[in-house]
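Two complexes are shown next, each including chain A; its partner changes from chain B in the first to chain C in the second.
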Partner chain A sequence: MELLTYLPEVFSGVNLVILILGTVVGLLLGAMPGVSPTMAVALLIPFTFQMDATSGLILLGVIYASTVAGGAVSAILVNIPGAPANIATILDGHPMAKSGRATEALHYCFISSGIGGVLGVLVLIFFTPPLAELALRFGPSELFWVAILGVTVIGSLGSASVLKGLIAGAFGIWISLIGFNPILGTERFVFTSHLQGGVSIVPALIGLFAIPQVLYMVESAWRGQSGEEFRMESRSIWRSVRYNLSRVRTLTLGSVVGAIVGLIPGAGGQIAGLLAYDQSKKFSKNPENYGKGEADGVISSESANNAMVGSSLVPMLSLGIPGSPTAAVLLGGLLIQGLFPGPDLFSQHGQVVWTFLGALLAAQILLMVFGLYISSLSRYVIRIPRQYMAGAVAVLAIFGTYSVQHSYSDVLVMLVLGTGMYFAMRYGFGPGPVVLGIILGPIAEENLLQGLIIAPALDGPVPYFFTGTINIVLISLCLVSVGYSIYSELKIRSRRRAAQSAEASGK
Partner chain B sequence: MINLMKRYLMGLLAVPVVFGLSALGAVQADFPQRPLTVMIPYTAGGASDFQARIVTIPAEDVLGQPVAIINRPGAGGQVGWNQVVQSFGTDGHELAGYNVPHFIAQSIMHDTHYNKDNLEPIANWGADPAVLIVSRDSQFDTLEDLVEYAKANPGRVTVSGAGQFVGHHIATLQLERAAGIELRYVPTSGGVDAMRFVQGGQSMAGFNNLSDAYRARDRLKILAIADVQRDEEFLPDVPTLKERGFDVDDSSVNFRGVMAPKGVPEDRLEMLSEAFVKMFNDDRSKRRMSAGGSPLRVMNRAETREMWERQQVALEELFEGMEAN
Partner chain C sequence: MKSDTETRAGRDWPGLAAAVFCIGLAGYVLWVTEHYTRFGSIFPRTVAVVMIVVGVALIARVIAGLPPTPVTPIQSLWRPLALVGVGALWVMLIASIGFYPASVVGFICAGLLARFEPWTLRALTGFLVISVSVATIGYVIFAFALNVPFD
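Up next, the complex of A and B:
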C-alpha cells in the first residue's frame, strides 16, 4: 500500500523537522484567541513558496490539524475559544477547570483530538472516492437544512433558559445580516462605515467571549476578590487515557459526526464540535450534567473538530472542492505549488500526496503527545494574578482582532459586542448562541437565496426543499433534535418538581 | 538533507539581511521604502488570490521589496474595493488587485464608492475568458443541444457563476440575448462554488473561468468559450460562441491586474507599472501560471486604462434598462 511506501519519507530530515515544529507552533498559535486555523494556514502559505511541494504541504496540513486542537487550551483555561471550532469545548471544559479539573479536561481534549483526528485521516485515506461523490450531492437545499439543524442546537447552549438561548441566537443571526447580501451584493443594515463589510466571525468570537472575561477579571480584582481562582491538580496521564478510552460511545459519536460535517462543503469545524456536543448530550444518561463540567462534553466536541480535519480534505483532494474554510485556504497552497486536485493528483503526484497523508496521520499523534505535555505546563498560566491576566487577554484580543484583516473597524465592533455581552450575561444570556447565530446565519441565508433562484427552474420551492433523500434525512434530524430538546427539558423539570415535592413532604 | 536544512535556515536568516539591504537601497531610491501590500478582495485560495501570489513572487528581485497579499473578501469584491478609495494611503505602498468586468459592472449597477475614474491601473497580468461548462454526464454534448433545450424550456436551464455582475453573469446575459433564449443565472460566492454546482448537478450548466475549467476538464464537458478567438494554448478544440453564430464578444473576459487609488504620484505609478510588467513577464511567474491553465496577458498602465474605458462603454450598453435588484 502506497501509504507505507512513502511513510519513511515523512520521518526523514526536513520533513520531520517541519512535522515537529509545525505541531508545536500550531498548538501555540491555536491557543491564541484570534488566530483561527484558517488564519494560521493563510499566514504560513508564503513560507511554503521556498519549500518543495511535499514539505510545504506537510507544514500547512500539520498547522491545520494542530491549531484546531490548540484552540481548546484557552477555551478550557480562560473561557475564550481559540477558534470557532472550540466553542463547544468551553461549555464543559471551563466548568471542569473551575472545579479544579483543568489538567484532566486538557488531557481529555488532546486524547480525544488525537483519536478523532486519526479517524478523520483514515476516512480520508480509505474512503475518498465514494465520499467525495456524496459531498457533491450537498446543494443549496441540503446546506440550508444543515444550517437549520445547527439552529436547533442553539437553545441548549449555555444560556439560563431555552428562551434566552433562542433570543441570543436570533440576535446573532441578525448581526450576520449586517453588510452585503451574499448573493445579490446589495447593502443592508449598514449605518456607519465601520460596519461596511458586516461583522466577521473572528472579531465577534473574540469580543463575545474574551471581553466579558476581561471585564469580569477587572471587576473582581478591583473589588479585591481573588475571584474564581482555581488550582491545577496533578493528574496521571494514564488515568486520563484509561477513562478517555472507556468513553467509546462518546468518542465514536464525536468522530463520526465530525467526519460527516467535514465532508459537507462550507460547514467546517465550528459546526462539527457543536453538533457532536449536542448529540452526545442527547444520547447521554445524565444530560443535566452537561454545562456543569461533564467530561463527555469535552470529549465529543474535541474528537469531532479534529475528525473534521481529515474528512474536509476528502472533497478537496479529489474534486478541488474544500470541505471547510481552512481547507479552502489549503487548496490555494496546493495550487501555488502546481498541484491540481483531481484523480490525477494521486496518480501523477503520488509521492507528494501520500507523504502528505502520512504526515497528517503522524501529526494527529504528535499533537496528542505534545498536547499532553503542554497540559502539565499550563498550570503556570493559571498562577498569573488576575489583573495581569486581564491585561494580557485584552492585548491579545485587540491584537488578534486587528491582525485578521488589518482593520480598526473590526476592533471597534469587537469591543462594542463584547461590552454588550458583559451586561447581557448578567441577565442570563450566553455568548455561545450569539456566535452560533453569526456562523449559521450566512450559511442559511446564502443557500436559501440560491435555492429560491434554482427552484423555479425545477418544480418550485416546496418540492426543491422538501424532497430528495438527503433533505428528508436532514429534516427528520431537525425534528428529532427539536422534539428531543422539548422532551428532555420537560423530563428534567418534572424530575425537579418531584424532588421538590418529595422534599416538601419529607419536612 | 543537511544541505536542505541549511537552505531553509539560510532563508530564515536572509529575512533580516534583506531588510537591512533594502534600507541601504533606500538611499538610492526613496521608493518603495517598505514591503508593498496588494489587497485581493476575494478569499485566500481562490483563482484571483493564488494567481496574485504567483505573479508577485519575483517582487523582491524587481522592486527590492517583497509584496504581501492581503485578503479582504466580501460581496463579490465590493468590500475590499470600497476600502481602496476610502482608506488606502496614496504613497504607492498600498495597492489592490482588480477584476474587470467585476468592479466596473458593480460601479454601474450598485452604489459603490469606487469607479474607473477614482482608481489608477498599474498593470494587467491575466485574461481568463469565461467558458460554458456542463458536467461529464450531462444530457448536453454541444452548445447547440443546450440552446435548443433552452428554447423549448424557457427559464429551465440553470447556469451557475461566481456572483452577481461578474464576468460569468455577463457572459450569461450576452448568450441569452444572442441566442434569444431565457436562462436562469445562479450567483454563488466564487468560482470554486460555481464549479461545485456544475459537478454536483445543482445547476444544469455554468460559466466559469477557463483556468478552473481546464484543471477540472476530466470531470466536465467544455461547450464553448466567450471570447473573440479560441484559446490555442489550453483549449484549442473548444469553439468560441461567436464562431457558432452567437454574437458574443470578449466583454466577459476576466482581466486581472494591480491598481492603486487615485492620488499616487505620477512618477511612482510609472515606476510601479514598469516593475509589475517585468514581474509578470518573469519566467518563474510564467511557468507556474501556465501549469495552472491560467492565461497570461500582460499590459502596462496605458493599455490597461484603455481596456477599462472600453469595458465601461460595453457594460453600460449591456446593462441598459436592467435593475440592480
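Up next, the complex of A and C:
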C-alpha cells in the first residue's frame, strides 16, 4: 500500500520536526481561549511558503488536528470551548473539573481524541482514493456543479440561517470576481489600486478568521468564565488509559458518529460532538449522570470531534468540497502550493498526499502522548492575559498577510474584510461561506466558461450543464442541501416558539 | 442567567440592510457587465441574479415578520471600534515609520484595549517589555527566517 511506501518520509528530517513541533504548538494554541483551529491554520499558512508542499501540508494538517484536541483544555478548565467542536465537552468536562477531577477529564480528552482521530484518518485513507477516482469522470460541467455544491452546502448546512449563508456565499463569489477574468484576462470590479490583481486567498483567510477574533477579544470579558481556579489533582496516566479503553462502546459510538458527520460537507465538529454526546447519553445505563461530570460524556464528544477532523478532509481532497471551515482554509493552503484536489492529487503528487496522510495518522498518536503529559501544564496556558493574545494575533495577522506578496494593499484588504466580517457575524453571517465563495468562485467560473466553449460542439449549453447522471446528482444535492436546511430552520423556529409560549403560559 | 446567544425581539433589520446591500451590489454588477461581452459577463451576471433572488427572499422573510436567527449581541462597541482605528493607524505607520516600529506601537495599542483589569505599574512595565519582545520575535522570524523584505 502506498501509505506504507511513503511512511518513512513522515519520520525523516524536517517532516519529523514539523510533526512534533506542530503537535505541541497546536495543543497549546488550542488550549488558549479564543484561538480557534480555523484561525490557527489561517495564521500559519504564511509559514508554509518557505516549505515544500509536503512539509507545508503536514504543518497545516497537524495544527488542525491538535488544536481541536487542545480546545478541550479551556472547555474543561474555564468553561469556554477552545473551538465550536468542544462545546459538548463542556457539559461534563467542566463539572468534572469542579468536583476535583480536572486532570482525569483532560486525560480522557486526549486519549479519546487520539483514538477517534485515528479512526477519522483511516476513513480518510480508505475513502479518498476511490472518491477521487470517481472525480476522473468529471468534465467542466461537473466541476462547475461541484464548486457550486461546495458553496451551497456550507452556505446552507453550515449556517444558522439558510438565506444569510447563501448571501454570504454569493458575496464571497463576488469578491472572487474582483481582478481579472480567468479566461479572457480582462480587468473587472477594480475600484481602487489596492484591488488590482484581485483579492488573494491568504489575506482573505486571515482577515475573515483572525481579525473578528481579535475584535471579539477586546469586546468584553470572557463569556462564561467563572473565575474559579481548579487544583489539578495528581492521577496516574495508566489508570486513565485503562479506564478509557474499558469504555469501548462509548469510544466506538463517538468515533463512528464523528467520522460519519465529518463526511457530510458543512456539518462540522460542533454537530459531531453534540450528536455523539446525545447518542452516548441515550445508550447509557446512567443517563441521569450526564451533565453532572460523567466521564462518558467527555469521551464521546472528544472522540467524535477528532474523528471528524480526518473524515472532513475526504470530500476536500477527493472533490474539492471542504467538510468544515477549517478544511476550507486547508483547501486554500493546498491551492497555494499549486495542488488541486481530485485524482491528479493522488496520481501526480502521490508522495505529497500519502506522506501528508501518514503524518496526520502519526499526529493522532503524538497528540495523545503530548496531551497526556502537558495536561498538567495547560492551566498556565489558559491564564495568558488577553492583552498579549490580542496583540500577538494582530501582529501575526499583519506580518503573515504582508509576507505573501510583500504588499501593503493585502494588509489593508485583510483588515477591511476582517472588520466587515466581525460586524456581519453579529447578525448571523458566517465567514465559512464567504471563504468558500472566494476559493471556489474562480473554479466555478473557469469551468463554466470552458464548458461554454465545449458545449456548442456537443448538444449545446443547456443539455451540457443540465443533463448527464453526475450533473443531475450534483444539482439534486445542491437543491436537497438548501431544501433540508430550510426545513431544519423552520423546525428549530417552531420548537423555539413552542418553548417560548410554554414558558409564557407557565409564568 | 442570560444565555450567550440571545434571540432579539422584533424584526431582523440588520438582515434587511444586508439584503438591500446585496441587491444593490447585484444591480451594480448587472449595470457594469452590460458593456462586457456575453462570454465575459455570463458568470458575474449569474452571480448577480442569485444575489437578487436570495436578497429578495430575505426581505420577504423580514416583511413577513419571521423572527431573526439568534445572534450574539455586541457587549461593548467602543473597544472594537477603537481597535479598528488602531488597525488603520498601524497601516499608516507602516508606510511612514516602517514595519517594526509600527508593529510595536500596534501591539501596545491592541493590548491596552484588550485589558479590562486596572493597570498597575508592574503590570504596565511587564506588558511593555513583553510587547516589544513579541513584536521583535515576530519581526525576526518573518524578516530573517522566512526572508520577507520589510522595506
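In this section, the second predicted complex is superposed on the first by the 275 of 507 C-alpha atoms of A that agree within 3 Å, B and C clash if a C-alpha of one lies under 4 Å from a C-alpha of the other, contacts with A are read in each partner's own complex, and residues count from 1 in each chain.
As a convention for this text, contacts are C-beta pairs under 8 Å (C-beta built on N, C-alpha and C of every residue); 3 or more make two chains touch, one makes a residue touch a chain.
Quantities reported herein were computed from a predicted structural model and do not represent experimental measurements.
When the shared chain is aligned, chain C comes close enough to touch A:T419, but chain B does not.
Of the two partner chains placed by the overlay, only chain B lies in contact with A:E187; chain C stays clear of it.
In the superposed model, A:Y402 makes contact with chain C only, not with chain B. Once the two complexes are laid over each other on the shared chain, residue contacts for A:Q196 go to chain B alone; chain C is not touched. Residue contacts after overlaying the shared chain place A:F49 against chain B and chain C alike. In the superposition on chain A, contact of A:G139 is made with chain B only, not with chain C.
46, 49-50, 181, 183-184, 186, 406 are the residues of chain A that lie in the contact sets of both chain B and chain C, per the superposition on chain A.
Those residues of chain B lying in contact with chain A across their complex are 1-2, 4-5, 7-8, 11, 43-46, 49-50, 53-54, 57, 68-72, 74-76, 78-79, 82-83, 86, 106, 110-111, 155-158, 163-165, 184-189, 192-193, 195-197, 199-204, 215-216, 218-219, 288, 291-292, 324-325.
On the side of chain A, the complex with chain B involves touching residues 12-14, 17, 42, 45-46, 49-51, 136-140, 179-187, 193, 196-198, 265-266, 319-322, 325, 328-333, 335-336, 338, 340-344, 405-406, 446, 450, 453-454, 456-457. Chain contact summary for the complex, chain C toward chain A: residues 4, 7, 12, 14-15, 18-19, 22, 25, 29, 32-33, 36-37, 39-40, 42-44, 46-47, 50-51, 54-55, 57-58, 61, 66-76, 79-80, 82-84, 87-88, 90-91, 94-95, 99, 103, 106-108, 110-116, 127, 130-131, 134-135, 138-139, 142, 145-150. Interface of chain A with chain C (complex): residues 46-47, 49-50, 160-161, 163-164, 166-167, 170-171, 173-174, 177, 181, 183-184, 186, 188-189, 211, 214-221, 223-224, 385-392, 394-396, 398-400, 402-403, 406, 408, 411-412, 415, 419, 422, 424-429, 441, 444-445, 448-449, 452, 489, 493, 496-497.
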